[in-house]
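Note that the chains are named A, B, C, D and E in the order they appear, and that numbering of residues resets to 1 at the start of each chain.
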Amino acid sequence: MMKTETSTAPAPAAFEPRITAFVCNWCTYAGADLAGTSRLQYASNMRIIKLPCTGRIDPLFVLKAFENGADAVLVSGCHPGDCHYTSGNYHARRRWTLFRKLLALTGIGDDRLFFSWVSAAEGQKFADLVNDVTAKVRKAGPFCAVHPGRRAS
Amino acid sequence: MSGTKEHALAKAARETAGVVLSECYQCGKCTAGCPMARYMDLSPNQIMRLAQAGDDAALERLLGCEALWYCVGCLTCAQRCPRKLDPAAVMDLLREMAHRRGKIPAAARKVLAFHKAFLDTVEHGGRMAEIPLVLRYKMKSLDLLGDVMLGPVMLAKRKLPLLPHRIRGRGEVRRIFKKCREEHRP
Amino acid sequence: MARIGVFICHCGENIGRTVDCAAVSAAAAKMPGVVVGMDYKYMCSDPGQQMIRKAIIEQKLTGVVVGACSPRMHERTFRAAAAEAGLNPYLLEMANLREHCSWVHSNQAEATQKAIDLVRVMVAKVRRNRPLRPIRVPVEPTALVVGGGIAGIQAALDIAAGGKKVVLVESGPSIGGHMARLSETFPTLDCSQCILTPRMVEAASHPNITLMTYSEVASVEGFVGNFTVTIRRKARYVDPAKCTGCGDCFNKCPIKKIPNEFDAGLGLRRAIYVPFPQAVPNKPVIDAAHCTMLQKGKCGLCAKVCPRGAIDYQDQDRLEKVKVGAVVLATGFQLWDHAAYGEYGGGRLRDVIDGFAFERLASASGPTAGLIKRPSDGKEPKTVVFLQCCGSRDDKVGKKYCSKICCMYTAKHAMLYRHKVHDGRAVVFYMDVRAAGKGYEEFVRRAIEADGAEYVRGRVSRITRRRDGKLVVLGADTLAGRPVTIDADLVVLADAVVPRPGSEKLAQLFGVGYDQDGFYSEAHPKLRPVETAAAGVFLAGACQAPKDIPETVSQASAAAAKVLGLFAKPELEREPVIARVNRTTCAHCRACISACPYGAAKDFDIVDRAGKVLRAVADVNEGLCQGCGTCASVCRSHSVDLDGFTDEQIHAELNAL
Amino acid sequence: MKALREAAEKLLREKRVSLVIGYEDRKGRPAFFAAKPEDCGRLAYDASCRQNLAAYLGKPEIRARLPVAVVAPPAVLRSIVVLTAESQLPPGQVLALAVDGDSFLGTFDAAGVAELLRAKYSTLAPEPALLERVQGLLQKSPAERAAFWEAEFSKCTRCYACRAACPGCYCSRCIVEKNAPQWISTAALGHGNYTWSVMRAFHQSGRCTLCGACEAACPQGLPLMLLNAVLDREALEEFGSRPGYDPEAKPLIGSWSADDDHSYMR
Amino acid sequence: MKTLGYFPGCSLEGGGIELDLSVRAIAKAAGVDLREIEDWNCCGASAAHSLNHSLAVALPYRVLALAESQGLSEVLAPCAACFSRLKGTQVRLARSPELSQRMQEVVQRPYQGGVRILNINEFMASLLEAGLAQKLTRPLGLKVVAYYGCLLSRGQDIVTGDDAEDPKGMEAAIRAAGCESLPWNCANECCGGGFSMSKTGAVLDLSQAVLDEARAAGADAVVTGCPMCHSNLDMRQMELVKRRRIPGALPILYLSELLGLAAGLEPAALGLDRHFIESRGLVRGGV
């Protein structure tokens, strides 16, 4: 068992956010694989849902994730021009530009909903991204319990 | 950084000089462009290499070398380093360590004497002024004969104010010196 | 009733070190619908696969989740195993417990919890999986090879030798690529043109090869087995059918002072020209930008002297469509522009040249007929300084990577120079000499020991030109720990190898990935080095990464073998991840039709028996659909769904989190 | 008013349409379907007409009776163009009796509607008061915004009057009615109400003409136009989207440009 | 009248007084009011930097804090070394809130980061843009080389808007003064900097290389913006002449002097009479 200093268990009271990520199969999923093969260490709070392309991601998926208790959602796919399906990410980009504004109006802002381009070559970026998102959400705290979009626990 | 061991010097270089020593791949471009390299007993790339090693013997050679005192601060090494490192900043760090340790090679003592004279002057009056500086320098370096003629010529050229300016806030400046010195106690 | 089996792999220590695999399989066994939870040291091994097969048969499993490495690694393996046991392979899913979990986390409790979550998500998904059948599509047994350098030539020849048709597209007027520009080749010092030109001629004359020079890929449609590629045939202004290559036109052309790209600008060419004497096809083109007839309507001399009337000033770019089943990208490289190094003169010093320029100086067929003369004054340089890693291994100004070929060609340059200028000094500044290759290390030693090249370990900080014409090279000898200054007559920079301009755009046309430097990405760095993520598109040569000639030729032959393998079957199978439309609920708003990147979604009329149109809806063409799912997400009523990633599956995954 | 009635009557008399959809001359100005020329005397139009009659054009009962004419103030005209772009109106089957304030502007087919809009209404903009409400809400903290909507959505009874009133909601099977899987809970409770209203608004992005019919129809008085307005503003600013002017427009969600903004992407 | 904060620095009160005189004169001619930071202290120069990195930041911090508290949002630091120290500190503070916090404790003064530091090249360029060019009525017709040295050419995020390997920041001003800026190889080479007294031999070697190259380029004079460079090239040149290491004397001018001369100001008012190497002869009809 390899132990490093960073692996100390969190204090019991610490808030550990639940983060749901929707990623495309070709770029970000592969980038996350590269982070793994490169043995980059990052926070364990994120759970990935793999889809073929960011173009597949319906905003409903995001709302469902929040409804089910996610404290934040990440959507990540190929950089512009790199989409395996040539333009799925462009479709997605336009969708998110609008949807994030709509969610912001209802109180879900930039500390809850994250978007990124991570290519298959960007293992380091993926690891940094997970850490950064986790840190931001940790700071933002649990997704407002009274938010109308969350299932009453 | 996980999984890698970092020795004390590497840690200090990362924290105070912003240089991750392991990133140096010894290309020598720092040495190639250094205007002072030809006067140095250790070339800048050798200083980086020994700093990477970081063991006691390496440290002994580093802190005792003259080269540390000959960095002119021209920024060429950092400007051209392909690894975006700043070898001069590492030398700054080592120089401070050498100064704290106190064993300065004879050839470098004039440089140290000058720096000290400069800082003494500033600590005293808040500003540097050439006449007090030169006097202090000559006391410290015992270089009594060097440049003896320059002073009078400078005076003739009306380049030196006879009464150096002393600022109102020199108490404040002295306090700053004191605090910074305290921070630097090993 | 779902009967799911969950199999957790320790991957030796790789997963087991951080994830408590037994705990994961125990937790999985309690998940709804799961009837078997097991863990094993190496699930991908034969006994591991046997465990899965046995459980499928004995437990009558309706779905399987393997918690192991990334599905990109072993999904095929496990799906094949499931199929052997009689389970539809698409009823098996993988949870990525290695790349996404054990390798990236070190806290065992956290990693184990995450692993359980990942497995639960996949169990929830697999319960909603439906059996799918691969899609079969016919294959057009013609290959397209893009790039007519040695990689493209070799790939085309090998495919043609296998009895399949090839279309070889080259953007320049001649095939041959960079190899045709080299003087000699390391480590044998063969004359480059002597070994290359027979291949060029063979490619041009092979009955299975259609050569399209001065042509570029304009657009790509379709998919593996069935690409339709539109080629832009650039206007040559010379009808190749009539031209005999006699040369009267370019001997008479009055526009004489155009720097010849082939000679790295050291020689001159005319406005109508063949790039080099051995060009294939050996027929000229008119460089429209420099031709006064095409620019201003004045001159027309070439048309007058042409005995065959082959000159056609009205010629225009034409688009031509070719149908191909597979593609080999062999677009090669170019040298990075060292103008970015201000400290090396910023590209303004004429006697600071790149490696290709030196090749041309050293080449018997070059602008100096093989005499080493420096560009500024034509004098023979008595001291030549070679700088390795110029723009390579320097991501501050240039590129992070090692360009791989420079150590060897620099040694060759130093050697050739010393052979030609006996009283000359060749000084090589290097950081490391990377001479891993058959006969390579021996070659470098020979350059040093037998030919007297002076190797100095260190980079150069600055090059300036003194008024007497000397180039002052400020370097370091890091082994001696001292700065070194050399007064040189000529400096040769071993500039980094970078992809050709436009290669990223080409990659986008074919849906091929590329890395941050623009080199094409192979499907797997070790096990699928000539394939790309785009099915049916293969790689050869330096478009993938810097490579020397032997390596390039090897990869080209490998790509050809892949193409021939693909063409060996009349049909091929594709992943059945495709979209489907629920015609009952489709409101025909046409958003999916607008969104589909492949034109696979289209209008469809529902008709009654009499053929009367009852209603229009959207429909998806199975052959064209690539399975991105963009259509599904723009459908407001969710009347479009994507097999393999259905609404139900995703919904279940989210509910499992 | 007289001119409108005469034009409607003429269409029915000449059998150019089988039905005129308009507003009835009584309190509340409800929708009125004139099938006979003599019914047209009951037609009326003034500023109190809040319904968007284009909503009827998506209903199967009306589609079965094409061709029809519809009394159309500017917002309805734009809805007609949106529906045309989405292939919902068979060519030549819908005529607009264009009205504005108290004037009748004439009878137009789909192409004529687009031309009229470009000529006379190219500068239609959302009401400033609406944008101010949006701005006001955006100035609050996220928690306050959440609380605001919590309070509002808790009133929703899921009567779907908003959907019925909207010409954009012509799907034969609405996403909320899909039950395998059921993405949106149909219980009139917090998260289902939230998801419903947010998705309903999002489904109108690039298509909503800000006619206000949904909000006017809501028996609980939910401020639905805030959601529509924030999307409308973003779509205009980011993509230059102006729904309801171009009958050949590609769907905003379902098309893209390489220049689209992604400054928020990391 | 535009007001600009002014940090002369210690050199300009002594050996570099010509720079102070000429900068003040040209500013006056251009209608810019230079307001000296009250009670400023030494920036620490290379001495502080060499021996105590905290001091190397703390001393400039006090200057920045003073400037801010005196309402000076832009400060000219004509001395290249002072400029480099002040702006370098500014950049580091902006990057590290932690350092800002620590410095506030050491110096006991607040600083919000609201001061912009200008070097002499930027200052001259801004004067030209603001209309000084029209006042340069005496084109000098000299062939000069622009000498940037180290601290007006290098320093990441310190010297911005210029090319470290091919600096051009003085070109416009030199042309505006009716002079030709000759191409040469030493524009950004080092003169030996602060080692004038403590390692004089090195300074002589390095300065000689610069002077040799300037002469080979055919220059009538070397133009600089740094008092340290000036002192090494001007004062130490006497020694090189005396030891016959160089064939003759080459005048060294500050950029501000060059512009002052072109504006028709008196050479003495610009401090030309205080140079070690006689330079008044450069002006037509001069002494």
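As a convention for this text, a contact is a pair of C-beta atoms (placed from the backbone, for glycine too) under 8 Å apart; a residue touches a chain by one contact, two chains touch by 3 or more.
Just so you know, these numbers come straight off a predicted model, no measurement behind them.
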Min route length, chain touch network, chain C to chain D, equals 1
At minimum, the number of touching-chain hops separating chain A from chain E is 2
If chain centres are mean C-alpha positions, then the most distant from chain E is chain D
Contact-pair count is greater, between B-E and C-E, for B-E
Between the Cα centroids of chain A and chain C the separation in whole angstrom comes to 30
Per the C-alpha means, the centres of chain A and chain B lie apart by a whole-Å value of 48
Note: chain D sits from chain A at a C-alpha centroid distance in Å of 35
Whole-angstrom distance, CA centroid of chain B to CA centroid of chain D, is 74
Check: chain C positions touching at least 2 other chains come out as 106, 343, 595, 634, 638, 651
Multi-chain contacts in chain B, i.e. residues touching at least two other chains, fall at 2, 76
Flagged in chain E as touching 2+ other chains are 164
Given the complex, residues on chain E that touch chain C span 163-166, 185, 216-217
Note: in the complex, chain A contacts chain D through residues 59-60, 63-64, 67, 80-81, 87, 90-91, 93-110, 114-117, 129, 132, 144, 146-152
Given the complex, residues on chain E that touch chain B span 10-11, 13-15, 17, 39-42, 44-55, 58-59, 62, 106-108, 150-151, 154-156, 164, 189-190, 192-195, 197-202, 206, 235, 274-276
Residue set of chain B touching chain E in the complex reads 16, 35-36, 39, 69-76, 78-79, 92-93, 95-96, 99, 110-111, 113-116, 118-119, 122, 126-130, 134, 137, 141, 143, 146-147, 150, 153-154, 157-161, 165, 167-170, 172-173, 175-177, 179-181, 183-184
Note: in the complex, chain D contacts chain C through residues 86-88, 170-175, 178, 180-181, 183, 203, 250-251, 253-255
